[in-house]
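Please find one structure pasted underneath; my questions will follow.
Chains: A, B and C, in written order; residue numbering restarts at 1 for each.
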Amino acid sequence: MPGPGASDAQSDPGARDPVLEVEGISVSLGGREVLGEVSFYLLPGQLTGLIGPNGAGKTTLMRVILGLQAPTAGRVTLAGRPHSSGRRPAGYVPQKVVLDPDMPMRARDLVALGIDGHRFGIPLPSRSRRQAVEEMLEAVDALHLADQRVGRLSGGEQQRVLIAHALVSRPSIILLDEPLASLDLRSEQEVVSLLARIAERQKIAVLISAHEMNPLLPVMDRIVYVAGGRAASGTTEEVVTTEVLSSLYGQHVDVLHVHDRIVVVAGADPGREPRSGA
Amino acid sequence: MFSGFMMNTWIVASIVALVAGVVGFFTVLRGSAFVAHAVPQGAFAGAAAASLLGMNTLLGLGVFALAAGLGIGVLGRSGRHDVVTALALVVMLGLGALFLSRSVEYAPEIYSLLFGEVLGVSRSQVAPTSVLALVCIAGVLLVYRPLMTVSVVPEIAEARGLSVYRMEMLFLVLVALATSMTVPVVGALLMFSLMIGPAAAARSLTDRPLVAMTLSVVLALLTVWLAIAASYLSNWPVGFFVGALGALSYGMARGWLFLRKPLTRSGAITPGGALGT
Amino acid sequence: MGQMSTLVFAPGFFHSGAVGVAVAVGGAVAVVSACVGVFTVIRGQSFAGHALSDVATTGGSGAFVLGVSPLTGYVVLGLAAAAAMDLVGIQRARGRDVATGIVLGAGLGLSALFLYFDTTMRATTGATMTILFGSMFAISSSTIPLIAVLAAVALGVTALVYRPLMLSSLDQEIARAAGVPVRLVGVLYLLGLAIAVALSAVTIGAILSTALLVGPAATALRISRRPATALALASLIGVGSVWLGIVLAYDSFYWPPRGHGWPVSFFVVTLVFVFYLFTEARVLHRLARSRAALARLAARFAVHRQARIQAGG
């Protein structure tokens, strides 16, 4: 199956312009360099996986893209323009969102805050906003949850509502920090295919961070692999190889292909390197 | 009960309830009950200072309420929020103790500042209370959406360019404003009950944020009216009735939620039935 | 030397019975509050601690109505409020500040009523001030045995549950998995808390007792990360604040205008807060130092790179 980005490129060559470029980003936290010289770009309609072990700096990288963390070097260009503190065209779904079950707020209220939650004044009833909210809830298969208290939904349901919240302002990019952590296998597959569908239909760039790449393999157009404070980007075939990952980790690692899954193992004997044609 | 001087009481108390309901809604939403308790008590020290210096009580209340609110906000950046709130509170009260010990006529005055003297509202209090209430409610309505976003999903709000810290400071200023107008009427200790009880009850009764805010105002009004009537008839302090009614309405709302819960549960289309505990 | 000591300790300080009682009781209470307070701060229950002390006011004012000793009122109502808080679920993190607030609001309403009865029926005008702000110099020596017993009980309970309490304060799930009866430990801790609050209500007043509970513990926990050290440090800061407060309050009788002392509670609370601010300054200082070090490092790095570029070019 060709990636959704590839088919877009054929019908509309203009869509190939990156919506986000990260150039030579370095970040130091507390005197320690967390990320060094990280560069990659995101294309509209494509789903990119930001993969790396826990603590590799995935969240930090997302915070830099969102403008919440100042890099010590490098720059982020959004839609061809340098990063500004004004309106940010990126939707964001953080890793841990705690929603109080006692909070009087329905799923539709939370999504509506995604449209105009930064504006002053109380929300007046508006048909267009109601419509936008319901369309977006429909798009994430959560229309039936619209009138339920958001704090009482299950983790997977809350995840979908938060994705609708992030998408409803029609951003050109959406960043999801570990959306698959703490989901069961079925919800995991649902969320992954949902995100691939959204990338394709809404022509937006989707960046998903995960410490496990396998659930994303069927839908991922490109991968940014972060390890040892550095990153490599490209297609999965280009990046997830013994050579590239060994140089990122700074030690020998093996990339094993087991059925349709990829396993990265540290410290195996380089002589007995099984290579399967993926 | 509705004679000339009592009319002032009814008007001012209704305005107070309106503000307590609106600000209380956000207080409960944000889980800031402790702050809502600390700021009025801190403001009490300001009233003591004002009476010592022979100034307007309202001015003393306002200055100290602001100082308490902003102090909590600033120190809360580096320290634990609840710890900082507790410390700001006791420092203000310590100052209050000092001012009271210097002042000559304290006993009845301190009692009414702490527990309210709703039956003694004068005509001159009506105008300043109304103005402060207008400012306070306009302020809340103006920042309703950003404050809501910051309270519900702070991480996302930051990513959208809203400053959580600045909104927090703004909220504390609103609490301080609400406090300085309500303390002379219901008293420092019970202003808190009026902000928490109705708002906490309201959120058990509805799922909609704006309806919850409206309900919280309605319940606050009912609480105050019933409390004044009861206080007038029994001659017992109004604060007792405000506290008791606050707890009562909260208990009844929890009971209602408990009875209603099985309905929403069976009506919910939740695959796997995984509801939050 | 003699002159020096009269400068610090006003005449008669060491011969006053009231001062002796205040020093002994204040010191003991400070230690109990500090030890229990360390757990209060770790568990994030400062509000509950404060609410207990405010509800203790209800007990104090009720005791005046009934004509029994305020300490009895503090302890009885404190324990009742602790039980009520456990029932409405303050052990859970979620929604507990509202639950605490409701108990607190109801308690305050009751104390308004009791104080009203105090003033109307028994004409004890000083009751309000004594209950709210304490009167360390007016502790009668006959209550000392009771205070000593209560202090011993509170410290004993804390020592008994020290390890399981520490574990369940850090993470309830881990504690439960390790076989700790989390609920029971929580209730025992609330018992200790109620007693500590009642004791400090007698010394510096019900609504100020939070200062002794939270202040020294929070300060100690910012300086030391080791629980045992924090306990010792908190006790030290608590006792220091109380004793220094007593000295200053006693001296203040001789400050202008003469013959009108400043309240002890004011000094104690202010000292506690000043100690806390010291740690704030320390944290800020450390932050500034690390920033400066970073800037120096960056500057050195820039110079180094400049030199390399020049050498290369």
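Keep in mind that, in the parts below, a contact is a pair of C-beta atoms (placed from the backbone, for glycine too) under 8 Å apart; a residue touches a chain by one contact, two chains touch by 3 or more.
Quick caveat: nothing in here was measured; it's all calculated off a predicted structure.
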If chain centres are mean C-alpha positions, then the most distant from subunit C is chain A
For which chain is the distance between its Cα centroid and the global protein Cα centroid smallest? B
Of all chain pairs, the one with the highest number of C-beta contacts is B-C
In whole angstrom, what separates the CA-based centres of subunit A and subunit B? 41
When centres are defined as mean Cα positions, the distance from subunit A to subunit C in whole Å is 47
Round to the nearest whole Å and give the separation of the Cα centres of subunit B and subunit C. 25
For subunit B, give me the residues that contact two or more of the other chains. 31
Specify, in ascending order, the residues of subunit C that touch 2 or more different other chains. 95, 98
Overlap residues in subunit A, where contacts from two or more other chains coincide: 100-102
Which stretch or stretches of subunit B touch subunit C in the complex? 28, 31-34, 36-37, 41, 75, 78-80, 82-83, 85-87, 89-91, 93-95, 97-98, 100-102, 106-107, 110-111, 114-116, 187, 189-190, 192-193, 196-197, 200, 236-237, 239-244, 246-247, 250
Please name which positions on subunit B make contact with subunit A in the complex. 29, 31, 141-146, 148-149, 152-153, 155-162, 202-204, 206-212, 264, 268-270, 272, 274-276
What does subunit C use to touch subunit B in their complex? 41, 44-47, 49-50, 54, 95, 97-98, 100-113, 115-116, 119, 125-126, 128-129, 132-133, 205, 207-208, 210-211, 213-215, 218, 222, 260-263, 265-266, 268-270, 272-273, 276, 280, 283-284
So, in the complex, the side of subunit A touching subunit B is made of residues 66-68, 85-88, 90, 92-94, 97, 99-106, 109-110, 113, 116-123, 144-145, 147-149, 151-157, 162, 165-166
